[in-house]
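Every chain is named by a letter (A, B, C, D and E) in the order it is written, and numbering of its residues begins at 1.
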Amino acid sequence: MKKLGAKKSAVAGVLAASMLIVSALSGCGQTNTPQTQQQSASSNATPQMGGVLRTWKQYDPKSLDPTDCGDTDSYDIQQNIYDGLVMWDKSGKEIVPDLAAAMPTITNGGKTYTFQLRKDVTFQNGDPFTAADVVYSFNREASKSIASPGESYFSMIKGMDDVFTGKAKTVSGVVEKGKYTVEFDLTQPTRTFVDVLAMPYAFIVDKKYTSALPNQAALSLHPIGTGPFTFKEWKKGQDIELVRNPHYYLKDAQGRQLPYMAGITWTLGYGNSVAYLKFKDKKQDFSLIPTSDYVSTLNDPNMKNDITSLVENDYFYIGGNIKKAPWNKKPVRQAMEYAINKDALVKLYNKRIVAAWSILPPNMPGYQENPSGYKYDPAKAKELLKKAGYTNGLPGVHPMVYVKNSIRDVLAANIQAQLAAVGIKITLDGVPFPKYLDEVTKGKEDMVYGGWMQDYPDPDDFLNILFNTNQIPSNNNVGYSNPTVDKQLNQLATVTDLQKAIPGYQAVEKQILDDAAIVPLYHDKEAYLIQPWVHNSQLHPVYPYFYYWTMWIDQKAEQAATKG
Amino acid sequence: MAESILEVKDLRTYFYTEAGVVKAVNGVNFRLEKGQSLGVVGESGSGKSITALSIMGLIKPPGRVISGEIRLQGQDLLKKSRKELEKIRGNDIAMIFQDPMTSLNPVLRVGEQIAEAVVLHRKVNRKEGWNVALEMLKKVGIPEAEDRIRRFPHEMSGGMRQRVMIAIALSCNPKVLIADEPTTALDVTIQAQILDLIRLLQKDFETATIMITHDLGVVAEVCRNVMVMYAGQPVEYSDVTTVLEQPKHPYTWGLLSSLPKLNASGKQRLTPIDGMPPDLGNLPEGCAFAPRCPHKKPVCERQEPSGKWLSPGHFVRCHLYEA
Amino acid sequence: MANSIKDKIVDQAEKGGENVLLDVRNLKQYFPVKKGVLQQVVGQVKAVDGVSFRVFPGETLGLVGESGCGKTTAGRSILRLTDPTGGEIIYKGQHLEKLSPRGMRPFRREMQIIFQDPYSSLNPRMLVHDIISEPIRIHHLAQGKGVEKRVYELLDLVGLNRKHAKRYPHEFSGGQRQRIGVARALAVEPELVICDEPVSALDVSIQAQIINLLEDLQNELHLSYIFIAHDLSVVKHISDRVAVMYLGKIVEVAASSALYAEPKHPYTQALLSAIPEPQVSGTKKQRILLQGDVPSPINPPAGCHFHSRCRFAQEICRQEVPALRDLGDGHLAACHLAK
Amino acid sequence: MTRLNNSTRLTTRNWAEGNYGRRKKSVGLWGDAWRRLRKNPVAMAGLVIVALMTLMAILAPVISPHDPNHQYMNRGLTSMGAPVGPSSFFLLGTDQNGRDLLSRMIWGARISLTLGVVINSLNAVIGIFLGVISGYFGKFVDTLVMRLTDIVLAFPFLLLMIALLAVLSPGMESIIIGFVLVGWAQYARLVRGQVLSVKEMEYVQAARALGVSTPRIIFQHILPNVIAPIIALFALGVSWAIMGEATVSFLGLGIQAPTASWGTMIETGASWITSAPWLVIYPGILLLITVLGFNLLGDGLRDALDPHLRR
Amino acid sequence: MLSYLIRRTFWMIVTLFFIVLIAFVINFVVPGNPARTIAGPKASPEVIKAIEEKYDLNKPVPVQFEHYFVNLLHGDLGISYRTNESVNSELRTAFPKTMYLGFSVFFLNVLIGVPTGIYAAIKRSKFMDHVILISSLVGTSAPTFWIGYILLFVVGYKLSLLPIGGYGGISHVILPAFTVSLASAAGYVRVVRTSMLEVLGTDYVRTAEAKGLSQSTVILKHAFRSSVIPLITYAGMDLGTLMGGLIVTEGIFGWPGIGQMAVTAINYQDMPTIMGVVLVAAVAVVIANFVVDIIYALVDPRISY
């Protein structure tokens, strides 16, 4: 779902704002594995209790109400306050139970999912957690008055859309089958249903507490969930404080009550460069690395060990609008595949990205390095243009729309120069994210430089959503349409075992690239700084943030470092 | 001879402008006796106002008093420090300016503007200062003085404001009062009131007065002696009757014959002075008036006349009387 | 010489002769005073409040009074530089007060004005030549080379040098600038010139030059003047007849010699007595000191405007507005008591 | 950025009456102003800066050592893709794209000056038109125009620009539109005030008495006499526009890449202050000097053309 | 005076109405459907419709304006698209912080501007006068954002003298306030100098000197008091500029005021918030000008309404 530009939007609306983060996050590690490159610190050291993590965000989160968790900043905070029925494990490859006691039993040919819930869970205010809360939460998500932007993720649940459109009062497909049993009835078998349940929109709220609130916004300002940390205070523009939930239901392997840390404080409001300076000054435990300081940080013996990185499940691309000339000519599109020297982009981005020759990112099931075997060959590009009938390059000047930020301006300028070298003249049209959305989701653009980030690790999330004809123009922005591909994608979506679907997806990916629907450019590498006294700072592979509840702080080391 | 209060000797005040040195006051001499009233007459640019400001020590850059003596009861003011001068200004010498509309501070009450000088020079407290102010307002003939003392200048007419100015000037009982065109900005009926007042107070306070004006009529009304100035120099000095009735300098002749006479019967053509006043930054050689003088001789254009006392009390600076 | 003509004019005026150049009847010029939330008009400055007089060809009518009496405003209303509130302005038998700007145009050639301030009355961005030639071109009084010739003629006429034509106004002294102003006014060959304090900003010696110039031009070109001034001696010198104004009204009109010799209105008397004269010996005239200031023209005293300061004021003066009466020999005064 | 200061004129009191000025050979008021300007070393410094910048903008193709858009992928970037510092080849170093910074700064002068001049020309035309109408004819039109300027001037300028540029697409045209929507009000207010005072001058009365037509009065007698402060405002307005463009670009709403604009250069360079300080320091200094130049010149012109100093 | 107050208030309201109108027009010619922005690309048409209904976006623009305006009359600025919270409550948090910074700037401006301006006027045409004038122009010409970064880097990080950004007490406010003040204090210097020079040349200052008052009395009691009016005008006008300076500076230093709120809102095209900020800032400017006019009347006895 995510349009990148938008990255980091777990859900829908993404902001040009968080793009700053995009430009900054990115890794250095040469590894292509999802494991984070951890600092020296000791996986074998014993976790300590206590200590407050001092972290940072440039902007206030959109909301602390799960129905409005439209951006990763909100998600990062909400995941500490709320829990869902299921969650991604640390590898990011598997869904594991969270508030559910176990994975669901699937019956009725894949249309009925039955969850048994944990019985030892209470909300942070002491209310017990029961199946009624689950039913309430899904009805709330479906409610028209809330108009949650995430509602359509759950369209496969029976009656969800009916509630949303006002045809029904309650969601018929979410049924309380006992105090600790919930049943979901789907309209059709859907492989990705459990994936969707791990999204923040499916976080469970306290029915008793939430239904008594005077208005919807109140939950965002006074959130209560079952999560490891309890909300304390949100001073707009200044900071957000969470404190440890002593009644959290999870314990670590040694039987210690989680979470370890006494609290988390996000200071808000200043930009990346300031955060970086504060980190260097040891006033902050976490920071992104400003583009400009990346190289020097890598070379700084005091800091290079503080860097954590990971290749993200996203990809960036350029493409012409296939509905319009001259992009409707395949040789023209293929010429573009040969025209771009992706290594130049990697270099300009200080090697914080990896060159992409495929649509699926390296950590995605079904990843192939270069399915169509394209390479950088400007001579070939010119030849192909000639073949399409353009001996002196493409006629006209083509505006390329993209979400503006400083690093994308740098890359776009380079793309412009590279295309010009083979005879394709473009102008740059960097715009704020809302305007970008407006252009591409209506298919108005001539050329687009865009991106996509996963919602869940399934090729369906990239190939089906971006290239199925039925997604024109809302997500299939380039207007790619191939009946064979459509047929295959529709069929693959109903295959319940992902492993069985992968060869089919690989064939589709090759076909799309053979048709030169888009030109893949690169995948991001997430990279940021974490102080050495913060341990277990494991990145969440699906939404690149931390599992805060397993992190711990070596308070002596912190004191020693900050005093010195 | 009566006691000399103020004596000015060879005063020269020049302005150093971009266009050159402007000799605004170029050798002024006079003596003022106790209780005497001296009229200084001349056209614009004759240096009469600059002379007054020089005496007050209020010449600002680019102007500078470059030579001369200004003796107030024997003490040379030009040798005084700024602090010493502040003690003398407003106390021993006071001044009234031409435009009563702009000469009072618009944001301070009238009483305050009088009282502050009293408090400063007479070393009394504020309350006494206000009492003096009230008394002065009554003396200068302001009706309902108790009310007016609290007013701001803009709430008063021009005539009233000039009375306030006079009250300020006389509040510390100065030995010398310099009035720089005090009635020029006023209407003729108000002018008559103010001149009357000045005459009255002159007697009352026995203040020696220098009345600067371009109006020979005003001089005739209030002054005993007259000094006629031209191009920064006095050209004729005498008692007022002599100057008006038996002037010796061609410039004084010219001035008088330029004036339409009120009591003349029938039409008489005026006899103006030809030409224009000289550029003070570029004075002609010889007598400054020579280019306009109908009686000029060859010597006038070569040599400056040194001036001559035709009789005790009648001074003329003209080659006609030098031999 | 000229005197005989003048005498004839005065004679005519006194007898109310037919040959009137300009007849001003009951002229009013009010300016609104706005106040309040919606800026409603709460009062009026009655700058000119019912002024009537006549000007005869070739004469000089002096208009005197203290500042704020309305003499300048009256001059400007006559020229329609402001639109009069009421009254009639009849020039050579034609009513001017209702004419449109276009309709006024022909009369712009006939009536001209000379201003007081020699600094603000000349456009600093124009060469003297252009200042003087502008009216010539507008009224098509000459073409081509003729324009230049005419400019030089005018410069000669007012006593300026031809080479002055290529200079800007700021390069001239006050007296010279006033001459340029005169040349501009004369460029359209007017019959009536309103001289609005033309010499009061000038030094005595220069003032006399300009007065002489104005007199010479009158004789040469048979001009009529309305000479507005506050300096009574100048007015007496130049005028054939004099009208005295006080608070928007004319209080006395008479032949110059008669007015100065025997003023009838108490205000005129006080005014004349207040003039300081540059003479010491001879008879010192009795000074009449007026008390207080001129009242506000927004709210003038009822009855005779002057009663608040008049030493002869009686009950009738507080009640009734005195009319301008003929006291004989064309000597008019607006006073209940005057004889 | 600074809003234009309302005329802060210096008046010297007439320290003495009369005409002391030396008679010089005849020069117009412009010549007079030029003479006064020449004696003001600070203003002349401003003029020199402005002249140099203009020259730089015009001669950009000739004097810039490199193509401002050429990306030196090897020579202009380190192996990690960071900009390289000043050297004999890149006199002021390169930017993030490996482009020559000096060349971009030189070409940036074109953008800044073009914007400054275009914006202010439009502002001046609109402002003079409305100001004259408002000041000369008064009444209803005056109320309308003045209320409009009040409203425009009551908007916090930068906020309005941000909102406007968020609506329009970033780029040169949008910046011009935005700055003109706001900028004309300063001119209109100034012109109106001037017209009001000039209208009452006796030479205008004289022109009316002579039967000069209204358009001619406006164009011949009023406009030439209100033009002086407009010229000063123009110079200050250029500095305002340049600074404004830079600020808006800094907020990411300015000129599109890859066009070399100083504001965008500073914006993208701002975060490089620790590792590649030349990226932000040199364009910043150039911007400062240019704005300073126009400010100095504008100030000097205001003094030189101030009618209060004349006479 | 009362009728003046009423008239002035009337015009203030008219002005504000037009500000609302203009702000509204700007915001509603925005390309793109705010509902789509809120909902995100994957949202179904139903979601978008629901969101449009929720935010009143499905009505014709005049109706939207009427609703907005009626709510505004009740003091309700609407709900933020981004946070779902009332814009009022967000402004209530942010505006005082902008005021805090703004008044700090004002304080610095007066503290620096007034004495320096007076000093320059006294030293007219002397060396120090030129130094002050030129440095004030350099101050005005320095880009705020540029100076902000450099100060932050040098003073905050390299020298560690002051906190590196963020909201807080005096130590936090110094750098951002100084950044804005650097440009605006220069204006104060120039205004004070000019008006002092003008007043120092007046007849009544000469009268004061002729009374024998000391130089300091003449300058402080007679000259400065009457030259304070241009300063007040300037301060009132400067407020709008100040707002601009604050927006940029708040962003650099992480100051949680309305400037930062505006920039965030613009990134999200959160129109109710943008309008709220524009309105509040405009109202602040309009009210400040109103106050300036009142202060005029209090300071200058010549002005009566």
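We adopt the following convention: contacts are C-beta pairs under 8 Å (C-beta built on N, C-alpha and C of every residue); 3 or more make two chains touch, one makes a residue touch a chain.
None of these values were measured; they are calculated from a predicted model.
Participant: When every step has to jump to a touching chain, what is the lowest number of steps that links subunit A to subunit E?
Facilitator: Counted as steps through touching chains, the separation is 1.
Participant: Taking each chain's centre as the mean of its C-alpha atoms, give the chain farthest from subunit C.
Facilitator: A
Participant: Can you give the whole-Å distance between the Cα centres of subunit B and subunit C?
Facilitator: 32
Participant: Between subunit D and subunit E, what distance separates the C-alpha centroids? Give it in angstrom.
Facilitator: 22
Participant: In whole angstrom, what separates the CA-based centres of subunit B and subunit D?
Facilitator: Measuring from centre to centre gives 50 Å for this pair.
Participant: When the centre of a chain is set as the mean of its C-alpha atoms, what distance in Å lies between subunit C and subunit E?
Facilitator: Computed value for the inter-centroid distance: 54 Å.
Participant: Could you check subunit D for residues that touch two or more other chains and list them?
Facilitator: Subunit D, residues with two or more chain partners: 19, 23, 166, 270, 273-274.
Participant: Could you list the positions in subunit E whose residues touch two or more of the other chains?
Facilitator: Within subunit E, residues 30-31, 149, 153, 202, 251, 266, 269 contact more than one other chain.
Participant: Quick check on subunit C: which residues sit in contact with 2+ other chains?
Facilitator: Counting only residues that touch two or more other chains, subunit C contributes 173.
Participant: Looking at the complex, which residues from subunit D come into contact with subunit C?
Facilitator: Spelled out, the residues of subunit D in touch with subunit C are 19, 23-24, 26-29, 32, 201-203, 205-214, 216, 220-221, 224-225, 307, 310-311.
Participant: Which residues of subunit A touch subunit E once you look at their complex with the stated criterion?
Facilitator: 1, 3, 9, 11-17, 59-60, 62-63, 65, 68, 70, 144-145, 147-149, 151-153, 155, 161, 164-165, 216-217, 220-221, 235-238, 267-271, 273-274, 277-278, 280-281, 283, 432-435, 437-438, 441, 465, 474-475
Participant: Which bits of subunit B are touching subunit C when the two form their complex?
Facilitator: 43-44, 157, 159-160, 187-193, 195-196, 214-221, 240-241, 244-245, 254-267, 269-274, 276-277
Participant: Under the stated contact criterion, what part of subunit E meets subunit A in this complex?
Facilitator: 30-34, 36-44, 46-47, 50-51, 53-54, 79, 82-86, 90, 93-94, 97, 149, 152-153, 156-157, 160, 164-167, 251-257, 260-261, 264, 266-269
Participant: Along subunit C, where are the residues that touch subunit B in the complex?
Facilitator: Result: residues 3, 6, 66-67, 173, 175-176, 203-209, 211-212, 215, 230, 232-234, 236-238, 257, 260, 270-281, 287, 289-290, 293-294 of subunit C touch subunit B.
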